[in-house]
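Listed after this line are the structures, all set down as structure tokens.
In the two assemblies presented below, chain A is common to both, partnered first by chain B and then by chain C.
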Partner chain A sequence: MSVMRTTSKVLAAGVLTAALAACSQTDTSMQSGVSEADVAGGPVVMRRITEGQYERIVAQVFGNTIELGGRFEPDVRAGGLLEVGAGRVSVTPSGFEQYDLMARNIASQVLEEKNRRILLPCTPAAADAPDDACASEFLAKVGRLLYRRPLTQNELAIQVNKAAEATGALGDFYDGLELSLASMMVSPPFLFRQEIMEPDPDRRGQMRLDAYSKASRLSFFLWDAAPDPLLLQAAENGELHTKAGVQRQVDRMLASPRLKDGVRAFFADMLEFDTFETLSKDTTLYPKFTFRVVEDASEQTLRTIVNHLLTEDGDYRELFTTQRTYLTPLLGSLYRVPVATPDGWAEYHFNADDGHAGILTHLSFVALHSHPGRTSPTLRGKALREILLCQKVPDPPGNVDFNIVQDTANPNFKTARQRLDAHATEPMCVGCHKITDPLGLALENFNTIGGYRNTENGADIDTSGELDGVKFGDASGLGQAVHDNPAATSCLVNRIYAYGVGREATKSESEWLKDQVSARFQADGFKLPRLMRDIATSETFYRVLPPDSEGQMAFASGNAPMQVVEK
Partner chain B sequence: MSAVNMLANRRRVLRGMMGGTAISVGLPFLNCFLNENGTALAATNQKMPTCFGTWFWGCGLNPGRWEPNTLGPDYDLPPEVVSLEPIKSKVNILSGFKVFTDGKAQQPHHTGNLGLLTGHVSKNAGQDVSPSVDNIIADVIGNGTRFKSIEVTSTGNARHTQSYRGGSVVNPAEVSPAALYTRIFGDEFQDPNAAEFTPDPKVMARRSVLSGVNEQRRDFERHLGAEDKERLDEYFTSLRQFEQQLDFQLQKPPPAEACVIPENPGETPYSLDIEEATANHKLFAELLAYALACNQTRVFNVVFTDEQSTVRRPGTTTTHHILTHEEAVDEDTGYQPMATWFSYRIVEQFSHMAQVLDGIREGDGTLLDRTLVFGLSETGFAKVHSLENIPMFTAGSGNGAVRTGLHVSAKGDPGSRVGLTMQQAMGVPVTTWGTDSLQTSKAITEILV
Partner chain C sequence: MRLLPLATGLLAASTVSFAASAADTRGFVLDWFHIATLSGDESCPDGLYPLSETFYTRELNRLGYAPDEIEELLKDFPNGGYMEPIINRGRIDGKPVNVYAYPWSQPDPEVTLVTGKRAYGFNLDGQVSENDFIEPETGEDGIDNQLYRALGCFQSYTGVLPERPGLHQIYWDIQRDYMPAWLIEVTGIDDFQNDDAVQIGFYRAFGPVKRDATGNVRADTTMWVDPDPRLQNVVSARIENGEVKTNGAFEFRMLGNPMFMAEYRLNNAQARFHFTEEGRLHGVLAGYQPWMDVYYGNFGSQGWATEHSAGVDFPGAYYALKKLADGEPDPETGENTAISGSFWIEAVPAFLMRRDNEVAAAR
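Showing the complex of A and B:
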């Protein structure tokens, strides 16, 4: 043991230096005046379709009565987004098993007698023999929607041939077709978004996405779904290679009710609502925290966002201050406010004096970023920095010694603030806790499941705090400080762009986002649909670098570690 | 249900397994597990197939409270490992091994397990990860069964896996015993002891149609960059493995003396509640044991608690992980009592897993005798994320490949020596393994036969 202690001390000194170095790294990439013509574009990334996209495509192509009957491989988050992580994953053997199971389930429902009349465009000459013409018609039609592009001749020929073989073996046309369809649904062009590039006729020596890849990028960006027939048609007839054509399609898509799906998917991804799935609260201590609460909590925030940003065309920053939200009676019981509707959702305005303001005070934030049995100002502050301001908080040093705060039962340390203050006297901890805790402590009125409280262990809770030099007294002050912080809006711009292209912005893209897109976002009053239109109609959004070219490694350090702010 | 009860029920009638008319089988038998007369190997003196598993938990054990005082055989059992008593003669305890970071920043609760399981500490989380020993071993011993490997976690989160395929790809873990049951023993299971065998024409047709995906490989690979192409290669490896799975369904399975279809455990709640995790672990242990006994797989991975060991006791506010960092050390006993409570529960479950395997008799031996289980954590003293003296165990002799009942103590040797030993014991032709200071060619000769 004595040997080990000595080693720990030596290591401690080394890690401290490293942590401080990480904390003081500054972003020196400040430049001005990047015009769109200067932006080189970035690499294409093959993305595995997410669970939500898979479900939506199936509903789009075959109707929403189809049951999937399987489970998905976990998606992976990178650069703050599952949509970026989707560009780093593949399909594992057990994942393939599940895709196969779902594909067969779906195909069998599609070719059930009651459905085939609607979904099959032809009737085979005989029900017990191959009919290549009919199989080809069906597989080409459905395949174009599933693959988001027409099948190549070779692809279609193989699928038709396999359907015929299976029909021969099983003695049933529909069974054969079913297996061929199922095999398409485990094929790479369905499971992955494979973007295809071609030489750009307008920019000699440069590459662009082909029309179908443009259609997919656009439609997953705005709708979180595969292109609809109109968009595929626009790809087919060349419309998407003209500026006016892209604008026409983007405006049509922004006006569609499906924009809501896209906006919900983006925010569910950015706010990490997928982690609700494995969120566990102690049910002995918090019997009200059930599966239903988890569902309602993310829905509350998504409804608030959609209403504010789309229905009201509101200012993005006001999400951090708005007192308007939507509640179910169940959520009302957790927030301890009355909800009139016996079931379903009701609009609700929090009062100025009940402490709730903005999405940071929603259960979906304070409960998601807590420990199972108690709050964590550090986790909440870290989440705010990383998720909403796009700032990377350094990890704690490996050999941190928690002796200072270990005594949670100490009667002198009743509140989280007192415990953290004790912790923060340790120089190796103070640097990074300064980045997180003053934000999280402002949310201490909300317990680990989001319920409101004024005291902890009988002691009054002090909710004062500070964000980058702006001091505030409580959660609504924190919301206002985030509202006023330019990092909140630049973070959104960067995240939504990364979400669209499936990777973090390259250096030249980042500069364009900062100089051009963010400036227009501000001038437009921080309206999300205008930001989405700006990106979706830009040329940058569709510019690509050839595979493995030099430029693709030049990613901007959008997630540079936080600087310790000394005030 | 205990393993013993399951054995008593082993002749349970298999309903619905034998649909269709028996026909003669046109496909070659999988003859690698059969002797010339086609009888099961257990009935003869030939070796049964070897199996391998990893069993992982987070947050280590308390230094000084688990390492036996004596070396070699007949070791004593310090307080945190007393539950190994019933199975001690088949268990090795390995102490004093460490993971070196070679100046790379430690990723707390991750660097240790990466070092032990992959022999390589990556610079950034989730990137540049080498394959873990289970995958390397499965490439050698895992190709003769329906599933190349099976991963489970008791924590309810499929991401809690310790099976790394290399790059950023991991094998996700099953979280639900009921789902695992269906996957192994559901409709597609073929009873190795059934008298008749009928290959399912639909499976044959599926197999043939899927080969069409391979035939289009060149179309699918067009326009891809090198990294994406690698990911597509990974996809095609998975497809190939799945095709092999179907191939196994088309061949009459060799008889398996100890194969019993366990009862469907039904849906069980899963979460980070240690009681639920324990209940699910027991179900997983039984399902995995019968998956091995029924020749469904040769390789498995169990995560009992995740890297950070975020399990908690019902009714308490702190997780095992937080307790290891924040709980006061009791001055009288010298350890953290609430955190240590979890140490006991963890070692009990490792012991339980070994005992379940040992409870399945096959010929003169047990299933554990032909299995090698590599138990490990990710940290020595979790309170300070120490990478020294990380607790490791093995259970079973892997068909006589390792000696058991021994305590081996190293003096700060690279922990990759254990992974190298596991690979050599399982027949992987490897002499040197690991990178930087974890590179080693010194297997643990004390246990390697």
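Showing the complex of A and C:
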């Protein structure tokens, strides 16, 4: 027994040491400067297209009246992003069934009589016999958009042959074409964003993305969608291999209303809004929380972001302090403020009295990072550190005792601060709670569904806290502290770059992002479109490691497959 | 177009202190509205009126059916062959007629009436008479609430707060999803405990209430006031010991749901409310309303489906309302056309907004 106790103490001490070390760890990987010419690039990644991208491609190619009729495999988050996780997933058998179901459903709608007149560029010689010329014309046209590149001659011949064989068996040209189209939509070139590299003629021995892969990377980065015909044309005519050509296309895309889709997709990913799908609240305690709230909560923040960063061309940091937002009457009932529209959305300015300022006080943050029946300063603080400051907070040890923090009815610990103070007397807990709780406690004026409160169990709530040495008194002070913290902007830079390339930045890329891109971001007043332009027009964004390089092989062995094409 | 928020609602319901700032305003949307019943052992000492299977047996017997025929007709109750003779149990010129449309076409079944002494409401006529009640909350005598006396011994009209009379609860719960919500606004509040000059406004919204996850009316929503001049019931009031009371009598007009009560017309009305610790508004609205409105809104328009399930003898209710009508006598016949009644109101905080081209947004 005594041996066990001793062993436990040793283990506990070890865990504590490790936790403290982890909690006090600072990032020392970005200390030296680097110019873009020094950046070697990173490995290519093959990403599974996301649900939103799939929907957008189908609407883009066939129109927005096409219904998908299926469900998607769950995405995986890595490096803080689903877009990075998308390079680490495959398709399971059941997932393939769903893709097949959707593909057949979509193809059926595309080729039904009312749509084929619009979507089919030709009329077959006979409706009950194969017509290779017509099938080829259709499949080449849609294939270029679905694969985000022209089909090779061999690919096209295979698809035309499939259509002919199916037409022969079914006795209907359109049914045959439908099956061929469906088969394209379950093929890897459609379901995965395959990045193809080629030798870089300007850098001997080095590789670069081919023009169509560049187009895809650019388009999904800025629009969260497949390249449009103009971008594909730019890829085809070599424009994307010139700096001026890339800049021309980037500027065109940044000026497009579709930029909003891209910005929304990025922030929905970064802010982990996919987890809303599994968010639940105790409706006995919080009857205002319904499934509609979930939809509106993420939309509120995305509208706020798009308006501030795109419409107003605002400073990214002000997202943490702005009192301007958009609300539905439903959200108004949770925030307890009037909303000046009978339905839909209305712009709203929180008053100082409302206690709300910045996206940290939005439902999408305080509700998403709380428990079903109570708040969690720890979860909120952890989310702030990890999502918005890119600082890793270690997971709690497996044997942690949560009894005190979970007992909200304990008259000795009426507030979350009191409960956490008692809990944090445990040596193994104190280290990490020190870096999370001072942030989360500043948000304690907002209950688990975002409603404002001054007291908990009759006791006044103390919302004072500290972020990296900066003290504040409440949520608006926290927002200002995040606004002023350099980690907030460097985090955004790293996240958005990782989002674009589908993987975390390599060491040399990180240094370039820190020394060059972040500096320009600051000089530009922390304007998101300028940051996106800076990245999208850089050579680094398209630079890839040679296939036999150490970094490429290391990445490939533990991550997604890659494809190399020699021309 | 500019928007004028009429009420700021309650910022934090859990910390309601009711410390009024200058000319404070509170807005509410109605959660519940139902007849104010006060059922107890003393209200119907001879027992409640029997349920429908029993009074249908009596009516079939009156219509001349033999016992074995009645048994056959009712053997599958609530389904079965009794429906047609029961629905058409009225007689005009010897011919069967729908008794719900023509309730006087059958004899008065003399339903059980409330004989208890206590009921919610007000002394609407300023007199104390034998048929009046004593108010359980205020202790006031002379309470005019014959609506309760007429209906209070039907089983589905029994209830003591917080239990609501079942039939009226169902009526309201159904219709509130399909009718514009009712709104209450208390304005000019300088002191939530004692204030001799406030106003109460009863309005209708443009849209129905919004529900929360438990099915109750969602609190703190923004409701838009219908400017229809017929629905602007603004009355002077006062606050005494935390209770908001109207000053004198007023006319209350509110459109309801055409499937039930198309319109509520209460004359010589009075009201009193109190703010609860949860930020809600509870209270009583009373007045005289045309008893035929009551009959056709609650019973005549509902027919057999409600009569048999609720156990309310509709023609019996008709006769009871008619007999107990106690106001607004017809100048020619002298028969009373209105019946006194009290309604219990429960409302939740809301932000009341109205379109206004003249006034800038108050925020």
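One rule holds in what follows: the second predicted complex is superposed on the first by the 523 of 567 C-alpha atoms of A that agree within 3 Å, B and C clash if a C-alpha of one lies under 4 Å from a C-alpha of the other, contacts with A are read in each partner's own complex, and residues count from 1 in each chain.
What we mean here is this: contacts are C-beta pairs under 8 Å (C-beta built on N, C-alpha and C of every residue); 3 or more make two chains touch, one makes a residue touch a chain.
From a predicted model like this one, the values you see are computed outputs, not experimental measurements.
Participant: Tell me which touches more residues of chain A here: chain C or chain B.
Facilitator: Touching more residues of chain A than the other partner does is B.
Participant: After superposition on the shared chain, which partner residues are touched by A:373: those of chain B (first), chain C (second), both, or neither?
Facilitator: A:373: touches chain B, not chain C.
Participant: Let me test your reading of the model: by the given contact rule, A:206 touches which partner, first (chain B), second (chain C), both or neither?
Facilitator: After superposing on A, A:206 lies clear of both chain B and chain C.
Participant: After superposition on the shared chain, which partner residues are touched by A:336: those of chain B (first), chain C (second), both, or neither?
Facilitator: second
Participant: Just chain B (first), just chain C (second), both, or neither: which does A:284 touch?
Facilitator: Both partners.
Participant: Between chain B (first) and chain C (second), which does A:74 come into contact with in this model arrangement: first, second, both, or neither?
Facilitator: Only chain B is touched by A:74; chain C is not.
Participant: Touching A:395 in the superposition: chain B (first), chain C (second), both, neither?
Facilitator: first
Participant: Which positions of chain A sit in both the chain B and the chain C interface?
Facilitator: 283-284
Participant: Please output the residues of chain C touching chain A within their complex, sorted ascending.
Facilitator: 3, 5, 8-15, 206-207, 210, 212-214, 216, 218-222, 224, 351, 353, 361, 363
Participant: Touching chain B in the complex: which residues of chain A?
Facilitator: 1, 4, 7-8, 15, 18, 43-46, 71, 73-74, 76, 78, 88-97, 100, 104, 152, 154-155, 158-159, 161-163, 165-166, 169-170, 175-176, 179-180, 182-183, 186-189, 191-192, 194, 196-197, 278, 280, 282-285, 371-374, 395-396, 398-402, 405-408, 547-548
Participant: Tell me, which parts of chain A touch chain C in their complex?
Facilitator: 283-284, 286-290, 329-330, 332-334, 336-340, 342, 351, 353-354, 451-455
Participant: Which positions of chain B touch chain A when the two form their complex?
Facilitator: Touch list, chain B to chain A: 63-64, 105-108, 111, 126, 147-148, 151, 156-159, 165, 168-172, 174, 179, 183, 201-202, 204-206, 208-210, 212-213, 215-216, 219-220, 222-226, 228, 231-232, 234-235, 237-239, 241-242, 245, 271-273, 312, 314-319, 322, 325-329, 381, 383-386, 388-389.
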